[in-house]
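Naming follows writing order (A, B, C and D), and every chain is counted from residue 1.
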Amino acid sequence: MAGNTIGKIFSVTTYGESHGLSLGAIVDGCPPGIELSEADLQLDLDRRRPGSSRYTTARREADEVKIQSGVFEGKTTGTPIGLIIENTDQRSKDYSAISQTFRPGHADYTYHHKYGNRDYRGGGRSSARETAMRVAAGAIAKKYLKQQFGIEVRGYLSQLGPIKAESVDFTQVESNPFFFPDASKLEALDEFMRDLKKRGDSIGAKVTVEASNVPVGLGEPVFDRLDADLAHSLMSINAVKAVAIGDGFDVVEQHGSEHRDELTPDGFTSNHAGGILGGISSGQPIVAHLALKPTSSIMVLGNSINTQGEATEMVTRGRHDPCVGIRAVPIAEAMMAITLMDHLLRHRAQNLDVSVATPTLQMKD
Amino acid sequence: MAGNTIGKIFSVTTYGESHGLSLGAIVDGCPPGIELSEADLQLDLDRRRPGSSRYTTARREADEVKIQSGVFEGKTTGTPIGLIIENTDQRSKDYSAISQTFRPGHADYTYHHKYGNRDYRGGGRSSARETAMRVAAGAIAKKYLKQQFGIEVRGYLSQLGPIKAESVDFTQVESNPFFFPDASKLEALDEFMRDLKKRGDSIGAKVTVEASNVPVGLGEPVFDRLDADLAHSLMSINAVKAVAIGDGFDVVEQHGSEHRDELTPDGFTSNHAGGILGGISSGQPIVAHLALKPTSSIMVLGNSINTQGEATEMVTRGRHDPCVGIRAVPIAEAMMAITLMDHLLRHRAQNLDVSVATPTLQMKD
Amino acid sequence: MAGNTIGKIFSVTTYGESHGLSLGAIVDGCPPGIELSEADLQLDLDRRRPGSSRYTTARREADEVKIQSGVFEGKTTGTPIGLIIENTDQRSKDYSAISQTFRPGHADYTYHHKYGNRDYRGGGRSSARETAMRVAAGAIAKKYLKQQFGIEVRGYLSQLGPIKAESVDFTQVESNPFFFPDASKLEALDEFMRDLKKRGDSIGAKVTVEASNVPVGLGEPVFDRLDADLAHSLMSINAVKAVAIGDGFDVVEQHGSEHRDELTPDGFTSNHAGGILGGISSGQPIVAHLALKPTSSIMVLGNSINTQGEATEMVTRGRHDPCVGIRAVPIAEAMMAITLMDHLLRHRAQNLDVSVATPTLQMKD
Amino acid sequence: MAGNTIGKIFSVTTYGESHGLSLGAIVDGCPPGIELSEADLQLDLDRRRPGSSRYTTARREADEVKIQSGVFEGKTTGTPIGLIIENTDQRSKDYSAISQTFRPGHADYTYHHKYGNRDYRGGGRSSARETAMRVAAGAIAKKYLKQQFGIEVRGYLSQLGPIKAESVDFTQVESNPFFFPDASKLEALDEFMRDLKKRGDSIGAKVTVEASNVPVGLGEPVFDRLDADLAHSLMSINAVKAVAIGDGFDVVEQHGSEHRDELTPDGFTSNHAGGILGGISSGQPIVAHLALKPTSSIMVLGNSINTQGEATEMVTRGRHDPCVGIRAVPIAEAMMAITLMDHLLRHRAQNLDVSVATPTLQMKD
């Protein structure tokens, strides 16, 4: 495959550019008999949708998904699920200006050199628009994991620029436009974003995703470790520059006596490992952190070159998120869910039980 | 596949446990007509070998690789290359003690729950011993990339515990037992490690890998981005807990005006992106950072449980690295080379030129 | 994947049931810069379409394909090509009768037992309706092979029931409703089919597909031999029960001195091998034969059971081909083209030239 | 992968040339806890071994397999099983003569053009020697299928040249050197072969493989149909030119009223379909037929060309089977078992029961 499929048993293949007729996905390998409706998918699509807050792009995108196949009388049939979202708001003219110039920090330059013939409208295939199908497909995995195993995949914005969440309250996450888990920082966030917009600049962010009640034993040695496949699926999200499991880069300065999670008859006493040992889930919550770069589409003047290699200066007008990290939360949930579901099915293929998660005294992230 | 293969066109499949008869790999998809000898592989195997310095385990492992197939009259034939390393130093008795107990921080617990029947000797399949085959296979990729395209993949230890490299001198890297690029810190490292051994503890580390002279255009949208596949292959290395590309987690606090790498007719003016834009190589050096946890095999007493779930205390005796990060340098080089080679072949499959890298004014890591 | 994708580099993934909203495919791995329009695909879709002659089903299916992505300004971009055909003529009521009964010879029984929840309308996923997407995707491969390498993939009906083609005239194939290459048999065919319809029965058929001007060297040892992959792709067509390469089952009674194709400086002197030696194309025309069973949807009363396991009798009313083999011709061409294109790209991945076919003194099929 | 791996969940990857140091395979995805010893594999290896009768090549090949990994204390661990057979009898000098000439009917010509650098000794990678690893890997699948599900995979020689088996007695198959199921033809076979050897010629053959007690539901729509994957795995065997399921090419002249297998409360009343409907197993015995071409290594003088394209004449001296079809019986069993096991695991991945086969009134082949 040329890179547009993820997952080995539960697999998702997508197509679509920012300004094509539609975006689509084929979800293959979903077990039969699962209740599934478009409403199940729409929920997460709406969480991701731009324009859902004044801090994200004002693009009007209905993002209405239609299930084309694989569901009969309200239940999955085990055959491939076809998903389509028609592109409604295209405004090609917005983009014609950049057809001959490479926006710094964007994929314009690399797509041009790789393919020669690139769809420059809105970034074409490299646009974050593509992630809508990931969220739709991921919603199927999220529902299956929750309904069949009680596995819950939840994400939040753990840091925006200098502002860090100091507490994690999941009820907060859905009640503010930042997916931010620490209510005490909302005012600071609001102020920071307003100032940012004034300057026409953008900012990076850190997103954390967790999966709770994950069974012991998911993950394959030695290349398809659960953490390696999570790193792949999470790093494949636009703008992500780093992925950490558990303590991540903090382990560099830790001693073994400090890092190793000790075991007691009641479970683990800590979760520095982020729920994965030797590439296999330990039954503890799986914790991953993502670093998202600031969007490169800003109003600040920047140097670049055109397709002839001549120097030019440019600003990126149009409707863009000052912080792409915010909308990345439901996308990160979707990718983690897709990877967990794929590994759950792979685990089962070898006739291995999917056993219940072990008790946990204390969870650290 | 059950997780023991990596790469889609240039693929590596491995077998072997710490104490089995042998370790082996099948390298499939290597183009024909490439000069290849066992000496080409042995070089990196020796760099990885334990006992190569007093700071790594004293296990005697000849790690002598034998090419079984795929090479005729000194050149590759395009058919699969079979590689075997016989296990010489096994000492099973060392391990019998832990057959009923889960070493904290190790895969004992997860393998036991996933498979039921686990080879507990030396960690079995989860042992770092398995990485010997990665290094052997990676050496084939390294040679091909260097010989055919002048692509050079080089790594170094960028941090050990609190001690950071402040300068990068590649001539230094091969001339000290730490693969450390900053000679001014060698004495501090030496002292730190001596103290660590005295206490029977271990420490984490950060490894940096770079690929220079990489062509523009390697990487596939949208899931098999080059950075996503690198995250997968690097995170699949034992003990790795985080992978960063370019500025990694630093991007969280960066502004777009600061992060985006501007272009000039002479090339990029910075490399915050680590050589990858939109998942495709930009022609700049590719820069990845890995976080390696401290080994959990230490002399410090720790709490655990046995297979009956009863509480127990244990120390891990035997020959273990106080810092697994040191030996991870050649392994990280191997994994990056395997991923780059796979993408180079995938790129070519679509009849795309492998063009020369663009000039670079300044490289940042 | 759960079986709905074919091809490793040039890959086709499909979704859709006989009576779903639409049929769709994602074609991944198509090189960029190839001129492509919906008209290119429609040509073969029209050849396959039912109702194109009075000998095939009267179902009205516009089968109008729409390209959703992957083509920009008339040329492929190298990103996935999304294809959709909306289902227009559904008539669900025709099928409600069979929801509780297994039609003998159909997949009703096996889908019911495999999935529990099956879409019984028109056979759901097991309907030949699904092959429309194969033809659309195959047309992309056919155009690429023809335009870039002069490779031509052509099929014909070589036998219908007892009536065999004794000569092969490709100009004839497109000028009669049977894709039959021997004009002298058209009257006999016409009479045979009229009699068949009168009796409400069906008949089997043999289809032959050839690829000419195929380069030497396509095919991989040892499992993905070109003939093995052709066997897979051709056997995956509905109703196919056998696949033969070159002389096929005739080789059972041949001597080595008779079968082996001798070589001369001017090329091979025969083509018993059907253009493939050791799983790799020899430069001779590739010749494959398919056996298609008679459709099981007939007016003749038959015994069956219902989902409760009770005995029942049934006839299959509705619009069905008395010989599915006829419409299989463009489908077989499509599958051969997809497999050849996939192997051509795989061949190129290893940096192997795509050399010109060798001259051939005489071609045998 | 470059073609040396088969199977998606239960996968087999092989390496090795006729005259390399060793042949090897990595069997990945085998469930843990299965009793397995080298004796289990040796049984089928001995059935395949040349020199086991005076009708097969006199090459002395110990073909002694050694399990390198994946088995601990007599049971599989779920990690990859490494298999090695050392090449003992090489006699390179036998082959030096053909280094510059293409043996007609062999892969010499195609390998030379594909790879440039080919191992001409004994056909290198294209030698039937490679099938030893298929038999070893297949024996693991055969044992698992038999032990866990009572599925039995058995093959026999159904025709040799003009001599057809008219009855099938499986007790006969293992008691004569031809794997022939019809004792009344043994004398005729013996005479035919003696005459054939006198003339230095070879003959084709037909092999039939059956799997009994196969559960309903194995196979995936639409490309990875069970019959399509069987066609792939069986056609990948050296010298196979055709694969048929059930009635195979006979269906061309059958009417629907004759072909369709009717159902009764006691099961199917016939098995024209060969146990597969819509690509999914029906619970009836799976029946496949293979056509094997006569070996091209004969003493009869033949025309060919050398690597310079100059005309030459040659005979193939050395030790060769006059009928490769005989030894193909255990190989065909192995390939069918590998494919069935892979599909059984794929089936289970989707959480589908592996239900018992339905009763069968009458089996036809």
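Just so we're on the same page, contacts are C-beta pairs under 8 Å (C-beta built on N, C-alpha and C of every residue); 3 or more make two chains touch, one makes a residue touch a chain.
Here's who's who by UniProt: A, B, C, D = Chorismate synthase.
Keep in mind it's a predicted model, so treat the numbers as computed, not measured.
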Interface with more contacting C-beta pairs, comparing A-B to A-D: A-B
Label of the chain whose CA centroid is most distant from the centroid of subunit D: A
Centroid spacing, where centroids are CA-atom means, of subunit A and subunit C in whole angstrom: 39
Geometric centre distance via CA averages, subunit B-subunit A, whole Å: 26
CA centroid of subunit A to CA centroid of subunit D, Å: 45
Junction residues of subunit C, two or more chains touched: 1-5, 8-9, 14, 29, 32, 78-79, 114-115, 125, 221, 346, 350, 352
Subunit A to subunit B touching residues, read off their complex: 1-6, 8, 14, 102, 104-107, 109-111, 113-115, 125-126, 130, 159, 161-162, 201-206, 216-217, 219-225, 227-236, 238, 240-265, 269, 272-274, 277-283, 291-298, 300, 302-305, 309-311, 346-347, 350, 352, 355
Residue numbers on subunit D that touch subunit A, as the complex places them: 8-9, 29-32, 78-79, 221, 345-346, 348-352
Subunit C to subunit A touching residues, read off their complex: 1-5, 8-9, 11, 13-17, 20-24, 26, 28-29, 32-33, 66-70, 72-73, 75-82, 84, 114-119, 124-125
